[in-house]
Amino acid sequence: MQNLEDLKEQVRKALPELDVVIGWTGGYDPLHATPHFIRRDEDIDKLQVNALCVHNLATYLPSMRGKKVGIIVKGCDSRSVVELLQEKLIDREDVTIFGFGCTGVVDQTKIRRIVGDVGNIDSCEVSGSEVKVSASGTEHKLAMSDVLSEKCATCRYPNAVLSDHFAGAEITSTATFEDGYKDVVEFEEKPEEEKFGFWLKEMDRCIRCYACRNACPMCVCRDHCVAQSRDPHWLSQEAHVRDKWMFQVIHAYHLAGRCTECGECQRACPVDIPILLFKKKMNKEIKEVFDYEAGINPDATPPLMTFKAEEDKITERKW
Amino acid sequence: MKIGVFVCHCGTNIEGTVDTAAVAAASREFPGVVFATDTMYACSEPGQDGIIEAIKEHKLDGVVVASCTPRMHEPTFRRTLERAGLNRYLFEMANIREHVSWIGKDREANTNKSADLVRMAAAKLLKNRPLFSKQFPVNKSVMVVGGGVAGIQAALDCANGGLKVVLVEKDTTIGGKMAKLDKTFPTVDCSSCVLGPLMVDVAQHPNINLHAYSEIEEVNGYVGNFEIKVKKKASYVDWDACTGCGLCVEKCPSRKATDFFNEKLATTKAINIPFPQAIPKKAKIDPDFCMKIQKDKCGVCAKVCPSEAIDFTQKDEFITENVGAVVAATGFDLFDWTVYGQYGGGKYPDVITSLQYERMLSASGPSEGHIKRPSDGKEPKNVVFIQCVGSRDKSVGRPYCSGFCCMYTAKQTILTKDHIPDSQSHVFYMDIRSPGKLYDEFTRRAMEEYGANYIRGRVSMIYPKGDNLVVRGADTLMGAQVEIDADLVVLAVGAEASVGATDLAKKLRISYDAYGFFMEGHPKLKPVETNTAGVYLAGACQGPKDIPASVAQGSAAASKVLGLFSQDMLASDPQVSVVDIKRCIGCGKCIQTCPFGAIKEIDFRGMKKADVIETICQGCGICTSTCPQGAVQLQHFTDNQILAEVNAICRF
Amino acid sequence: MAQTKFIKKESLSAWLEELGQAHTVLAPRFEGDSIIFRPYDSEKGVFIDREATAPPKKAIFPQSETLLEYSQIKDMENLTKIAIDVKETIPTTTYVVFGGRPCDARGFTMFDRVYLDGDQVDVYYKARRENTCFITLTCEKGETTCFCNAVGSGPSDPDGSDLLITPVTDGYYIECVSTKGEGLLASSLLTDGSSMEGEATKYKQAADASMNEAPDFTGSPEKLLAVFDNGPFWEEMSDKCISCGACTYLCPTCYCFNITDEANGLKGTRIRSWDNCMSSMFTSEASGHNPRPAKANRLKNRVGHKFSYYPDIHGGVISCCGCGRCIKSCPVGVDIREMVKSAIAFVDPTAKEVPAEEPKAAPTEKPAPKETSVKAENTSAKAKKNKKSKKPASKKKGAK
Amino acid sequence: MTSNPYLPAMATIQEVIEETPTIKTFRVTLNNPQIKKDFNFGPGQVGQLSAFGIGEATFVINSPPTRMDYLQFSVMKTGEVTSMLHTLSAGDQIGVRAPLGNAFPYEDMKGKDIVFVGGGIGMAPLRTLLLFMLDNRKDYGKITLLYGARSPVDMAFSYELPEWLERDDLDTHLTIDAEFEGWEHNVGLIPNVLLDINPSPENCVAVTCGPPIMIKFTVQALAKLGFKDEQIYTTLEKRMKCGIGICGRCNIGTSYVCQDGPVYTYAQLKELPNEM
Amino acid sequence: MPILEGKELRIVGFLCNWCSYGGADTAGVGRFKQPTDLRVIKVPCSGRIDPLFIVKTLLAGADGVLVSGCHPRDCHYTEGNFYARRRLEMLKRFLPIMGIDAKRFEYTWVSASEGQRWQEVVTKFTEQIHELGAAPKIVGAEAEETLKLMEAAL
């Protein structure tokens, strides 16, 4: 990414005033990046920003409250920061936001689907249109459009919606809201039994690790989550699909009107359960009924935390 | 917990369609239940004694009564538990009468359902915890909002009962609508002669502090300890200095000011005192018409005022009053009848409202008691009264009956005859509603002794003919259309919620109905209470009322306040939300959604936490369903209690 | 060990079906985008070309398992008299786990020391352990995240397995590792395998050779204890950790659990379910006190337990089978190898600057041969210092 | 057949004593006569009490092994299980898994002076050892008890205190945090009162239990008095879950509280990683 | 008690104390005949109803859930039903993604005086649920497969 050097320069300038700057660097193999906590000048050199930088680093912010934190954000990540600001879970004066024009990140699951065995990655080159992966000696040229994360294909916020520093040029987007929810519509059109059966099957392999929750930037209860509490006792610890599924609904509901749809829940899931669908569904309805999207305006109020005496789009049910 | 279950026959009310013995037998199998029996009348004295005995004999520490609705007897049985030494919250009711035995005759299904309801109640009871009220001190003073007859009555009764009273009136004088009336029905007494002494009492009462020309700006606090910000509107006259001598009014050259007191029948001076008996009798400048304020000319009033009370630079002033209770007595306003095109929509000067007619009849009114029609000042001979203008009419969004129009119209026909003996009154009416002591007799007198011509039917249009108006309507009793030549048409305009009532309701956190009338606590049993503790209602702010009803409510509200203040300490309802400080992450969502401002942010060892102010919390539980981690729990309706009920009947 | 067999590739499904007659066969297959062990279904087949996403841990240590069922029995004559009937629920189903990797099977040997060899035997585990056979597949090659060779194992390690099968031309070479395994060899689909031994050995050697250089964990028990109180060290180590349980629940050696009750009317169950030391609830006490309040404390325990405390108690064996799932499946790429190496490399705790420089540059240590000396070195004297000697003494005194 | 260590033995509650507004004491007897007959334990060992449907929690058996008419557990209401236990009454059934963990090394303590320092519910674990020693009085030297609570209302075992105060062979000191009408004993924080009592560390061991903050300052006071870390004992039973060294949650570094503890000397704790 | 086989389905109602519970009482006082399936859970305010209670109830085996509160503007607590309306509307729209027929859940407003209306609501909702029939059972894929295998083996 040509903006990387600008970004590094901006970070270098800001670092003396900050406790830490969170970015990305190379991970355990060339195909993976990992979050990177920059405390010292030399850490800056390891900074990496490209299509492998999938993680939404806003997840770390609430627990670092009280520290001066710099954070590098993709457009979607910035919405999480805005939402956290809006809910006063972080303090604006303590957060320095480094934005850049994001051209999208890969979906590792898609790469796995195409490449198959990704256990031995020799090299990986990412350009705007292509990901070149060499796995176990075999070269794979993957068109970016085939491995781009779903959210990026229909991204409407490629640039940070709020930033203190911005590297490079802004990216323009032509996607519409509807573009992003075709999968929801398509899924919803299936018969009820099919959908019900789908979730029974998918949710069954959940291992209840709560990576979905802990990767979620808006799940700020964490240690106090109702998933494991006895008072209130919403869920049993039995390995029953009922409890696993219930948790996903709890997650979706607690995110209603707050979810910035970064997709970290689904990305984090070690057993690839398509749980983002629940959140997208909720977001779609929130948009439809309240014309609201989370993480855009730091001064807005999430729609389920407020009301109107006369609702514009809720017709009273004549029941 | 050791639970006792008592399944009530309620005579045959329940036993008729529910096998109560079978329900009791089934209950014995439920977790926690160590005793179960059926009983003839659980609420009767022997029934209650039976419960107490069972509590003692079986060492029960929780009781389920399956009987009628808890809205009926929950307080009864809670007292029973207390008499047996148990905490009142270790009690649940299963409603097997209203929700079971009375709504179907299938004995098997009813018995089965009753047992389920007992199972749910017992399951919840297992999660119940004893709850205890907290005591807090009371500020034994009361604010009465509105100085109409209801407010005056409430204020006087409270003051006579020894309470400090703050009376807030938005106009410059108290007296309200009643002060504008000429006579009252059914005795045809002089209205101001009846009201006047009360107003004077208010002015002179040592316990009453009157803020006229003032409005409520902001309400904080809770029952026993309200903190209310009052806006004293600028009158441009220093009322401490003003003696009400009236010299300024006399000399003021600006005569075009709107005369609200006289229902705009006339104009008045830019500085004025609404009527001679006004309390307080103080002058006020209408800045829109004051040449000094508008154009910096004139200033005559300031020059003539012997006490130098005029202050053209006066600003609104805010004061804070601390009181323990509030009586809302904001009365009503008149429906804007001009929406009715068929009555001319306001374009015929000789179509007037009933209250304008009152001013016309009044000796202190603009025409000094002479009935003169507005267009040409002539004395009318044919007066047509039209009933239900803005009442009982869905088409204008006023489906309710205003209640008093039938009576005052009858009075006005009598007064018309008194004033103009050769006049003829015609009354178009829908129904005559006159339930009250001597009321029906009064309307009969209007018809029979005073010859008022009552026509049952609606008026379809009024149109001008020469100097006069023609009123066309239906006589439904005759089945014919009638047209009457009228010199003057008087519209019996209905009542609607007073302007600003809903704003005040929001500040007081009380509910109001679709028309803006304040909601009483219970339509039958709590007519002057609201659902906000410490806030009471009096008079027409709750719904249209005539004078005796308003006065009765004023007294009723006062008695409620006096009752409340008969205790030095108040007990808070322990069914409030409680924050588990260990689980709270301080996100503030509960604070954001609490309708009562009952949750505040606190600092706990350097961490933000939520804290419920018990005395303000009303126990709605919105916070509990908002808190994602369940850290704030509404006592007696905790997540686990509700989940226990769900689990009792839905286990896969 | 004596027996060796051969099975043709095309007979594999028939064999699994045969085994399915008497046992529940768990085999990996694709479900969505993950490879999960599921009851074998011939229609859905098996997928054994890669390490499964989740190990077959649940065969012996289910995600949640009933320890006991209780019921309150009311005396209908005197309802206050409630007898409680408690029924233990020892599992009896027999399992065959097919297609796991050596690391998957070896993980249970870490369990064994705790669940079987301690003062108290975990009867549920014991029953399942005895009722479960592992037919393990030799790995073709290591992955980037694999490091079994660093924890005393390798891609064809039979430790913990009952049968080890190795791909050879047109089929699999089957080695019997345990007497339990022998019981699975009765099928007529299996032929003598001795002729395939050579080919199998070559396959194994190739697999060994494919492994990345093993990180050297020598000295981890002492080194990790030495940095225990170094707050900044662990804070940096845990920077990116999000405290989820993906690493532990996918770990073949993580054995911690929680015990909870679930009531349903008068009946109920006591269950034990996977729990993990990354969760704050794990050590949270009823009073609200938590000895491990921060994620740094918890991650330290996870690393410490595997590479220090467990080896300290159990003769130097590192409680890690090197499967690499915790690295691969971590949503944020926390790498346990790096943490242990950092602790080992950590030099001067008193120095002001604490550059726990992640030794990303390839370690220059000697390439450890297979079956490294890790085990041997750590068994050295001090490891056994505490419990075996001290605890029973005081307990016996009490019991007198 | 291997016995199932997760299976509680059923017991019957004989008596419930309301000690303080938040503490209840349960006296239970095991139902199975054989198990009851074979049951023995050392002072300091713990039991897991089962509230079926809710869960288990750990409590020290605070009756001494010298008095086996019943096993006694004192339960402070802190969470779900303890709240449920508080609803039980005489005649109710309860599950007990005991004895678990180690005991105080009462053999090693023979011939020595003993100082007990208990705070609040922390008196319970001391009670078993105290009564055991009183029942074997000749084996031990001077025994000093310092027991403190927030107020007299919060003082458990109040019915036993007169006897303890009476005894010539026991030097009992009681203290509360702040003045209280009718209170005739010490007023002040436990560590301060301990310094006033000034016990000699010579041939003496101190056994202390209470809230973490109290233990911290008590240990400091003991050190000031000359007690060595090896002479100070405490118990950490609250960290235990399964009680048999398997579930993996009670470790402090290499030491599993349910196996190596719950009784530790302060010296042992100091050796362990600092994770209290 | 078990559900009356073939006769009833499991329908759970969450009613606010002030309006709808009172409305149900009024219906009782008026002897307005209603189907017997419904089991009512009383809550202080519709604002107390966490939509997750409804999901929990449906996943716990209920065939239908009915929520009823005060008419908008009539809330005893002024604002509770306004919040409830938003949250419940979202739930109604959310259920289909789970494969749960949205008709299994309805929310409505019934005042304490509307006994007749309550009768209509209960009757209509009960009929609606009976038309849908019993809710599908929730069995995890693996549990189901294991069961199938065991059955096949027997």
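Just so it is clear, A, B, C, D and E label the chains in written order, and each chain counts residues from 1 on its own.
One rule holds in what follows: contacts are C-beta pairs under 8 Å (C-beta built on N, C-alpha and C of every residue); 3 or more make two chains touch, one makes a residue touch a chain.
Please read these numbers as outputs of a predicted model, since none were measured by experiment.
S.K.: Any chance you could name the chains that touch chain A and chain E both?
M.R.: B, C
S.K.: Mind having a look at which chain is the central one, using mean CA positions?
M.R.: Taking the mean of all protein C-alpha atoms as reference, the closest chain is E.
S.K.: Most remote chain relative to chain E, going by C-alpha centroids?
M.R.: In terms of C-alpha centroids, the chain at the greatest distance from chain E is D.
S.K.: Approximately how many whole Å separate the CA-defined centres of chain B and chain C?
M.R.: Computed from C-alpha means, the inter-chain centre distance equals 70 Å.
S.K.: Distance-wise, how many Å sit between the C-alpha centres of chain A and chain B, to the nearest whole number?
M.R.: Computed value for the inter-centroid distance: 52 Å.
S.K.: Quick one: report the Å distance separating chain B from chain D, using the average Cα coordinate of each chain.
M.R.: That pair's centroid distance is 62 Å.
S.K.: Among the residues of chain D, which are close enough to touch at least two other chains?
M.R.: Each of 54-55, 79 in chain D touches at least two other chains.
S.K.: Which positions in chain C are in touch with at least two other chains?
M.R.: 72, 80, 258, 260, 262-263 - these are the residues of chain C that touch more than one other chain.
S.K.: Scan chain E for residues touching two or more other chains and write them down.
M.R.: 56, 60, 73, 79, 83, 87, 138, 142
S.K.: Taking the complex as given, what residues does chain D use to touch chain C?
M.R.: Residue positions touching the partner: 2-8, 10, 40-45, 50-57, 65, 78-79, 81-82, 91-93, 95, 99, 101-103, 105-107, 212, 238-239, 241-242, 244-249, 251-256, 259-260, 263, 273-276.
S.K.: Which part of chain C faces chain B closely enough to touch in the complex?
M.R.: Against chain B, chain C makes touches at 72, 74, 76, 79-80, 263-266, 288.
S.K.: State the interface residues of chain B toward chain D in the complex, per the touch definition above.
M.R.: 1-2, 59, 61
S.K.: What part of chain A is in contact with chain E in the complex they form?
M.R.: Residue list for chain A touching chain E: 184, 187-188, 192-201, 203-205, 234, 240-242, 245-246, 249-250, 252-253, 256, 277-278, 281-282, 285-286, 288-290, 303-304, 307-309, 311, 314, 316-317, 319.
S.K.: With touch defined as at the start, can you tell me which chain E residues reach chain B in the complex?
M.R.: 1, 4, 7-8, 10, 12, 17-18, 21-22, 24-25, 27-29, 31-36, 39-45, 47-50, 53, 56-57, 60-62, 73-80, 83, 87, 113, 119, 137-138
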